[in-house]
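Each structure below appears as structure tokens.
First subunit A sits with subunit B, and in the next complex the same chain sits with subunit C.
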Partner chain A sequence: MAGSTSSWSRALVQISPYTFAAIGIAIAIGVSVLGAAWGIYITGSSLIGAAIKAPRITSKNLISVIFCEAVAIYGVIVAIILQTKLESVPSSVMYAPEALRAGYAIFASGIIVGFANLVCGICVGIIGSSCALSDAQNSSLFVKILVIEIFGSALGLFGVIVGIIMSGQITWPSNAA
Partner chain B sequence: MYGFEALTFNVHGGYLEAIVRGHRSGLLTAADYNNLCQCETLEDIKMHLSATEYGPYLQNEPSPLHTTTIVEKCTLKLVDEYKHMLCQATEPLSTFLEYITYGHMIDNVVLIVTGTLHERDVHELLEKCHPLGMFDSIATLAVAQNMRELYRLVLVDTPLAPYFSECITSEDLDDMNIEIMRNTLYKAYLEDFYRFCQKLGGATAEIMSDLLSFEADRRAVNISINSIGTELTRDDRRKLYSSFGLLYPYGHEELAVCEDIDQVRAVMEKYPPYQSIFAKMSYGESQMLDKAFYEEEVKRQCLAFEQQFHYGVFFAYMRLREQEIRNLMWISECSSFLVFFLSHDVARPSHEGGRTRLIPQISANDSEIIASGSRFCRKLKKNLNKAKEAYSSMAKVRKEWESQALLAIDKVASEILTGKKSSLAKQASILLMIAHDGFSASELCLHYLFASSNLDELTLSSSISKLDGSEMLSLIRYMGKWLRKYERFPQAGHCPTAASVLGLKACDWVPSLESIVKYLGLVLDEHFSSLVLYSEFHEELRSMEVVMKSLGLEARLCCSLANVIENLRTEVGQREGA
Partner chain C sequence: MSSSFSGDETAPFFGFLGAAAALVFSCMGAAYGTAKSGVGVASMGVMRPELVMKSIVPVVMAGVLGIYGLIIAVIISTGINPKAKSYYLFDGYAHLSSGLACGLAGLSAGMAIGIVGDAGVRANAQQPKLFVGMILILIFAEALALYGLIVVGSSKFIFDHLEYGCFSAFIWWLLCTCCRIKKGFLADDKACESFHLSTAVLCRLGLCVCDPIH
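And now, the complex of A and B:
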């Protein structure tokens, strides 16, 4: 346990692991959805404006919006997985290291997924906006820019993978202790 | 923060940016310009334009089209697009869009004030104003007598009010003051716009500062060149330069003391971006400078579209459209001039090559430009300047004259023709000989111009007034040559029948002595003051005066002789009758 010299670390370990877990789950879903929404509005406004002069681009460029939406879905999935990992433990073992570790793991998993999806959503949104504008001028550019978007959306996937791996190791201390 | 505009730009500006990029894709392409340049009449132009985005605006125009109608409708399209964007825009984009039109407002104000000074009707002037620069109380400008009143009555309520602080004086408005006022206003406007863009920051600031600096530098060069030889003092000139741009401040110091074009060129060649512009022009040529500046400006405006999420695209698009409308105006003017020129069945060689050369085109995609053209004047100037591109066609014209002259001499030498035809052939050969010898290829082209019977004096005098010094000198030398020729060969007279009888078409295109004298009179009328002031013209004019005096003496002698002959004839007639 921490010595009496550092009061910060004493304060931190006195916080219930459920706090950290709950915040982690909130960040997982909340910040992912923020990223998705950001990306969708960036793409959507350019898409609507460009489609006035070039109506043919609308159906193809909805892919950019779908990629952004996928980011929000990742966030939802991870949040659901994380919340299934929450277990009640008796208060005697609530501050045991294993319980703290479980709490911190859920928190970290939530942050990983949330922020990875945030930047992924913004990235795909900006590329989608440029894709719509270039497609309106020259339709051969669409497929090439789509490749960039695919690479961009892989970023969110990385975050989800690591988050799920982290959450897979979560074990709360068993009741007998 | 520069680089992170992408995160928040689209909240307010995304839709409009996409719209302006859609409009930009509707600019005329190189293929469109090729088609338009092949057009021979305004109806053809209307037909080609109906396939582009201008179609709906031009389709309802009644048949006798004028170039002003075409330009007006195309400008209307630009105004509609602008108004649509302005009503969708929020701050700060709406202020930015309004800034773009202040230049037109300044032009309109100056137009009305100048027109009122020259006693024109206000309604006529209002029709000529650019629609983007209209504001509510613009008609009241006609009432103002001096700048203070101008400001107090009208301009204090307009967005131009803050620009007037530097130029309010109580002096009466006259031509010089109005030009100075225009340039002072424009300088204040550019500086204000520049400061506004800097405040916006990010990519907008960077791109707009590049475009506005180029504009400021271009205006500085034009002010310097146009004020060479006028009464504008160096300090006044320096006050008209904007306080930003590549040339500020050291370039401005040097430009303010320039007294001729080569000094301006020496100053500008120290700046690498402008060195490439000036390198395209050979020494002493200033006509191509405007064209080179337009080219460079269009190139930079096209580059503004390379980046996303900034306001520079709106500015660049408006300017590109205005350039396109200028191009359409020149194409229409040149084609209506071609109708005039072609109807005289001018020698074909100078025409095929001449058609596309008369109108090199600009498209935003290729960023080349249309050279300045005002109809007739351009052909006149080209011939007088012996432009290299026209050289090959002029060489063909020279060969044609040569062959005709040789043909005439052959006919005289051959014994087939007898009597009347032989004397006709002799006359024709003398005429062609004087028309051909001693004239350069470009002057031969001028024969067609002055020999045509449909030559409208008004157009000729207006285009003569646009000639500059060296061109006028060559024109006067040309006329002097004709006078001397007619003096040496008094037997050279008009042979209207030679063309039909002997097949010598060139005889129709030799200008007669009366037409030469008439057009010489026009030149003297148009440029009297400059001819008197500049000494280069004096010796030429004195020698021509000598020739004219001797011709005049001869004419008087001939007149009295003709009277004597007439009297004798009537006497003989009476005697025989009696």
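And now, the complex of A and C:
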């Protein structure tokens, strides 16, 4: 009988894999956009405040805002990739082990991408705000602090890489079972 | 189709969550370290712009934590293959614990690197002799993430993937070489030389161990 091995298993096999898949896709896009928004408001408010006395910094420092926006784009890309991997299987095989594994893979992939982009967005936002403030005082610092921002934005890429590698595990049972 | 799938049905849930934990918590640590040190560097750079490039070391060390998490997450997620190799609850829980160990160790190391890096770069701007001391404390903080990797390594799968250890030692050796070639970056002091030598030795040892296995 399926799920007889442990109490966790008995609870988990009752949940449809499509539940996990849908929640995973929602987390991938929703939490990534949350991270991007968090970063944008941190950077934007510092940028506008610093530009009062140094209006020259405005157009150059918009690149920090664009770095944060890229995090949201990563979330959109992975959410669309995961959506295309969703297949409809007949109810006879919906709780088959392979279908369960596909559901769990989409869920974990969504969590990875969502939360990695969340922390990346906040990190890039904080550094972007420092970049704007120090650029307002000494314009040679802009490029140097931008290097630190590039290190920060690599974290979102790590999440996307692992999410896409894990999406290769998503195989649903074929209809003839 | 079900005959080609051996093991427990819900074990992949815990396995995939292990991979997720490895990457997400390591990225949290890396993000904290990068952001906190970055703020310190930017604040310090207003008064001493010439020291900024030298003070990027804490940021690089925090970034490496993200790479540790990435490696472990990829190893775990490619190891979940119930069709090729039976995947029981034991394997699922082992992957979950490995991922949590690596991830939480990376999170704590990242927090340490962030706070030490922030204080260190600000202090280095006022007293240049503190640079080596800051590097030594950062190395101790980075070792915390390595403790997590050692526990992961004593789980069953890293003995199949020892070449990843060689590879990371090789990367550190490459970084050291690049730093020493740009003479002004890390002036030739004893700590830098010994670190460089130890990464080369680790890489060579790792290769000696890997060759008989494969």
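Methods note: the second predicted complex is superposed on the first by the 169 of 177 C-alpha atoms of A that agree within 3 Å, B and C clash if a C-alpha of one lies under 4 Å from a C-alpha of the other, contacts with A are read in each partner's own complex, and residues count from 1 in each chain.
Here is the rule we use: contacts are C-beta pairs under 8 Å (C-beta built on N, C-alpha and C of every residue); 3 or more make two chains touch, one makes a residue touch a chain.
These figures come from a predicted structure and were not determined experimentally.
Visitor: In the superposed arrangement, which partner chain does A:Ile122 touch: subunit B (first), subunit C (second), both, or neither?
Guide: A:Ile122: touches subunit B and subunit C.
Visitor: Once the shared chain is lined up, is A:Ser130 touching subunit B (first), subunit C (second), both, or neither of them?
Guide: both
Visitor: Tell me which touches more residues of subunit A here: subunit C or subunit B.
Guide: Of the two chains, more subunit A residues are contacted by C.
Visitor: Report for A:Phe107: first if it touches subunit B alone, second if subunit C alone, otherwise both or neither.
Guide: second
Visitor: Kindly classify A:Lys53 by the partners it touches after superposition: subunit B alone (first), subunit C alone (second), both, or neither?
Guide: In the superposed model, A:Lys53 contacts subunit B only, not subunit C.
Visitor: For A:Tyr41 in the superposed arrangement: first (subunit B), second (subunit C), both or neither?
Guide: Touch partner of A:Tyr41: subunit B, not subunit C.
Visitor: If you lay the two complexes on top of each other, which residues of subunit A touch subunit B in one and subunit C in the other?
Guide: 122, 126, 130, 133, 137
Visitor: Okay, in this complex, where on subunit B does subunit A touch?
Guide: Against subunit A, subunit B makes touches at 6-7, 10-11, 14-19, 21-23, 25-26, 308.
Visitor: Quick one: in the complex, what on subunit A touches subunit C?
Guide: Spelled out, the residues of subunit A in touch with subunit C are 2-3, 5-6, 8-9, 12-13, 93, 96-98, 100-101, 104-105, 107-109, 111-112, 115-116, 119-120, 122-123, 126-127, 130-131, 133-134, 137-138, 140-141, 144-145, 147-149, 151-152, 154-155, 158-159, 161-162, 165-166, 169, 173-174, 177.
Visitor: Please output the residues of subunit C touching subunit A within their complex, sorted ascending.
Guide: Per the stated touch rule, the residues are 1-2, 5, 7-10, 12-13, 16-17, 19-20, 23-24, 27-28, 30-32, 34-35, 37-39, 41-43, 45-46, 49, 52-53, 56, 59-60, 62-63, 66-67, 69-70, 73-74, 77-78, 80-82, 89.
Visitor: Hey, which residues of subunit A end up touching subunit B in the complex?
Guide: Of all residues in subunit A, those touching subunit B are 38, 41-42, 45-50, 52-54, 122, 126, 129-130, 132-133, 136-137.
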